[in-house]
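After this come two complexes, each holding subunit A, first together with subunit B and then together with subunit C.
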Partner chain A sequence: MDILTQQLFNGLTIGSVYSLVALGLTLVYGILHIPNFAHGALYMLGAYITLTMMLLWGIHYWIAMAVSVLVVGLLGVLMDRLVFHPLRNAPPIHDKIAAIGMLLFLEAFAQLIWGADYRTMTTPYGQVINLFGTTATMQRVLINIGAIAVMILLYLFLKKTYIGSTIIAMAQNREGAHLVGINTNKVAMLTFMISGGLAAIAASLSAPINLVFPGMGHLVILKAFVIIILGGMGSIPGAILGGYILGFTESLGATYISNDYKDLIAFLLLVIILSIRPKGLFSREGF
Partner chain B sequence: MGAYLKKKGWIIGFILLAVVFPFLSQNDYFLHVLTLAFIWMIAVYGLNLLAGYTGYLSLAHAGFFAIGAYALGLLTVKAGLNYWVALALACVITSAIGFVVGLVALRTREHFFAIYTLCVGYIIYLVIDKWDSLTGGVRGLIGIPAPTAIGPISFETPLSQYYLILFFLLATILVMYRIVHSLTGRTFIAIRNSEDLAQTIGISTMKNKLLVFVLSTFFAGLAGALYASFIRFIGPDIGYITVIFDFLTYLLVGGLGTLAGPIVGTFLIVSVSQSLQFLQDYRMLIFGPLLTLLIIFYPRGIAGAYLDFRMKRQARKKKAVPSKQTSYVQQSQEDEEKRVKEG
Partner chain C sequence: MLELSNVSVKYGSFAAVKDIDIEVEKGELVVLLGSNGAGKSTTFNAISGLQKPSAGDILFEGQSITGLSPDKIVQAGIVQCAEDRKLFPQMSVHQNLIMGAYVHRRKRKQVKESISEVYELFPILREKKENAAGSLSGGQQQMLAIGRALMSRPKMMLLDEPSIGLAPLIVEQMFEVIQKINKDGTTVLLAEQNAFAALKIADRGYVFESGSMVVQGSSEELLANDTVRRAYIGA
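== the complex of A and B ==
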């Protein structure tokens, strides 16, 4: 029983991180219909920037994270302007290849600047606390609280603000949004900004319990793709739900089935889903 | 005959150059690199048939390459089969797995297909990496034998291996040429251009897509098997996603959906990366943006850009000397008009 609650808590933590990454991915997919393979690289850069800020200038964890969100968000905007915007009328295969090109570049770039070795990020919240009979580090609790706070903020932004509703409008119908006077280019840039920011938050939150290295985005991005297919491409509640489903499945699978094959679970899940429903579980447009 | 020679001159020139190369350069290292490039070319041809001609971007091909390599390795090392039997079986096994994967994967389209195959590729990698008792896990598979001799011809020296792999490459190119210029090839292109339209005019898209997927995995498996017997050591790394990104770079630089593309791209990138050895880990700093810029400005790569250039030049020529180019039908029409005017 004790193991079960511990694993459920672990699943919640992993699920929070997955959800945040998948949210950024699904936002971009909803607006521009691009599967952004470079999103994993943004995630990786987010962790590195936070780490550098903390080590180099000794900035506090939260401020370092804010800087990282800003930098990665702007990088996302830059990517949209330089790569995806010129390709907006190209066949779909081109977007994917361009995104893969960006992924390769950013990874090599990180390796050039920070080296290929694994690094650990120290957190000011390393103390162990006791929570309903299970022990957890403060950082893990923070991941859960932080992720949920960000999700609520994002939801309020999208549903309650004017700018947020332009994003939803564009996801529902690009031409229609254009017709009522929404500047679709600006909305696309804003979406990339949010998407990059979410990746940076997820990475900075989870970096202290994982390791930081150039290839750290590979598995996460692959799983984020599994999640958005699980939850329906472009659907925000789907991404959150899918993230937690995968998080729980993985942590329980690692304990009760096999730790070696725990990464396989996500991909098998996807293969099964797509075999039965080729367009994803909840295929519907918009949010 | 002259026009035929002119048209085929490139191909004959390439074959001659490849055949004479070992006599021009006695450097064993160059021979090794070139042989490896030939193996990549075979795999890239397989990918080209699927991604370039049918428009389905498969990211699982590194996995199929690894399946081919491991099938040969296991059949020769653990089962002790004859090399040629193992080679044939490796191709058959890869195609069979490709058939099963394709049966499911091809129900999906576009982004879903890319993501699905990416995951399949990753599963293949993970299985190879974790299935310690069969594949040797991270330690890899050591001691794969070189091809056994056929009669008096043995394949122990690097030179003979070079010719053996060149033979397989030429056979691949020939098969590709025949496929692309056949009705089947046209069918693939029709599917690429519009799957709905292809279905409307009575093409069984699923059957054709499955055919192209199996063909494409066959060549990936062949390349993998040749790689295993050439390098004699394989590890799970050959199935990792970076390998498929390499294939994609070769294909895109050369030209997606062109016959010369895989040769041009692979040769160029392999030789450039050899001269940029010091950049080994950082070569993606150059190739990443290159890939992106190419897809924005020259989506059909070097071979595609050359074909476009030639087509434009021909169009200009046609405009400049219209009398030479008019067909019989047009000429007779013009004559008719003249007669009407005169009459």
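== the complex of A and C ==
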């Protein structure tokens, strides 16, 4: 029983990180229909920027994270302006090629600046606490609280503010958004900003329990794609729910089936869910 | 008020609209007649900024709006109510209307007034205000599309085939509403295949055939014109 609660808590923690990454991916997909493969690189840069700020200038964890969110968000905007916007009338395959190109470029860039070493991020919240009979580090608790708080804020922003509604409007009907006078270029930039910010938050929250290295985004972005495919491309509730489903399945699978195969479980889950519901769990209805 | 001179629009090498001239005066209700693929929607999209003309100039209130982005054109006072409505299907009726007032989003009081005006014009929308736009019937969706367009308080409204796919009784109501919108001071440019119904409420008309304008004149002239009668009225 102890193991079960411990693993459920782990699943929640991993799921929180996955959901944040998948949310950024699904937002961009929802409005521009671009599968942004470079999102994993944004995640990786988010961790490096936070780490660098903490190590070089001794800046506090939270402030370093805030700077990282800003920088990676702006990088997302830059990506839109310099790469995706000029390609808006090109065949869709060009966006995909460009996204992979950026992924490779940013990874090589990280390797050039920070080297290929695995680095650890120390957190000011390393103490172990007792939570409902299970033990956990404070950092893991923070990941959960932080991720859920960010998701609630994002939800309120999208549903309750006018500017947030423009993102939803554009996702539901791009030309309709044009016709009511929404400047879709600005909405696209805003969405890339949010998407990059979410990746930076996810990376900075989870870096202390993982390692920081140039390829750290690979597995995360692959799994984020699994999540948004099984949740329904472009669906926000799908990304959140899908993230947690994957988190729980992975941590339970690692304990009860095999730890070595835990990364395989995501893809097994994808095959099973798509066999039953080919359009994904939510298929755009919930956006 | 609106003046298109020698406007052409191309999709690749295919010219969807060739060298057309249209003039609409303030307060008029002008109809563009033509069958599917005659170039009516393309003309509308060129005016709305969704499609850039390959040649020619579009003037609105004396200013060139050729090649402006769609949001600038809505700000200038031209709104399009598209043929396939282009609603936000998972948003409620009420939210759709609120998004329609995007260019006036800071004037809360005005937005409220506009919404009650739209509900007065289409009482069924008030009943369905919490329903998702995608769940409405075809006629109700068309009403919502017109209502959403009105929310921007346009000087000029482009209505693309509002009668398409609707029951005859609803079509009649729709044309009454269009006439009312026009009488209340909005200039209307209407694209229609339903020539008889459209000419009954319009001041003037232009007839399109495969991308070119072939006949123009007052409604009476067009109703009496043999080509028009044969092609669109079936008499």
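Operating definition for what follows: the second predicted complex is superposed on the first by the 276 of 287 C-alpha atoms of A that agree within 3 Å, B and C clash if a C-alpha of one lies under 4 Å from a C-alpha of the other, contacts with A are read in each partner's own complex, and residues count from 1 in each chain.
Just so it is clear, a contact is a pair of C-beta atoms (placed from the backbone, for glycine too) under 8 Å apart; a residue touches a chain by one contact, two chains touch by 3 or more.
Keep in mind it's a predicted model, so treat the numbers as computed, not measured.
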item: Touching partner for A:Trp57 - first (subunit B), second (subunit C), both, neither; value: neither
item: Touching partner for A:Ile168 - first (subunit B), second (subunit C), both, neither; value: second
item: Touching partner for A:Leu270 - first (subunit B), second (subunit C), both, neither; value: first
item: Comparison of subunit B and subunit C by subunit A residues contacted; value: B
item: Contacts of A:Tyr256 with subunit B and subunit C, given as first, second, both or neither; value: neither
item: Subunit B/subunit C common contact set on subunit A; value: none
item: Subunit A-touching residues of subunit B, taken from the complex the two chains share; value: 51, 55, 57, 104-105, 107-112, 114-116, 118-120, 122-123, 126-127, 130, 241, 245, 248, 252, 256, 281-285, 287-292, 295-296, 299
item: Contact footprint of subunit C on subunit A as seen in their complex; value: 162, 165-166, 168-169, 172-173, 175-176, 178-185, 284-287
item: Residues of subunit C touching subunit A in the complex; value: 48-50, 69-71, 74-75, 79-82, 85-91, 95, 98-100, 102-103, 105, 148-149, 151-152
item: Touch list for subunit A against partner subunit B, complex; value: 29, 33, 35, 83, 86-87, 90-94, 96-98, 100-109, 111-112, 116, 218, 222, 225-226, 229, 233, 260-261, 263-264, 267-268, 270-271, 274-275, 278-280
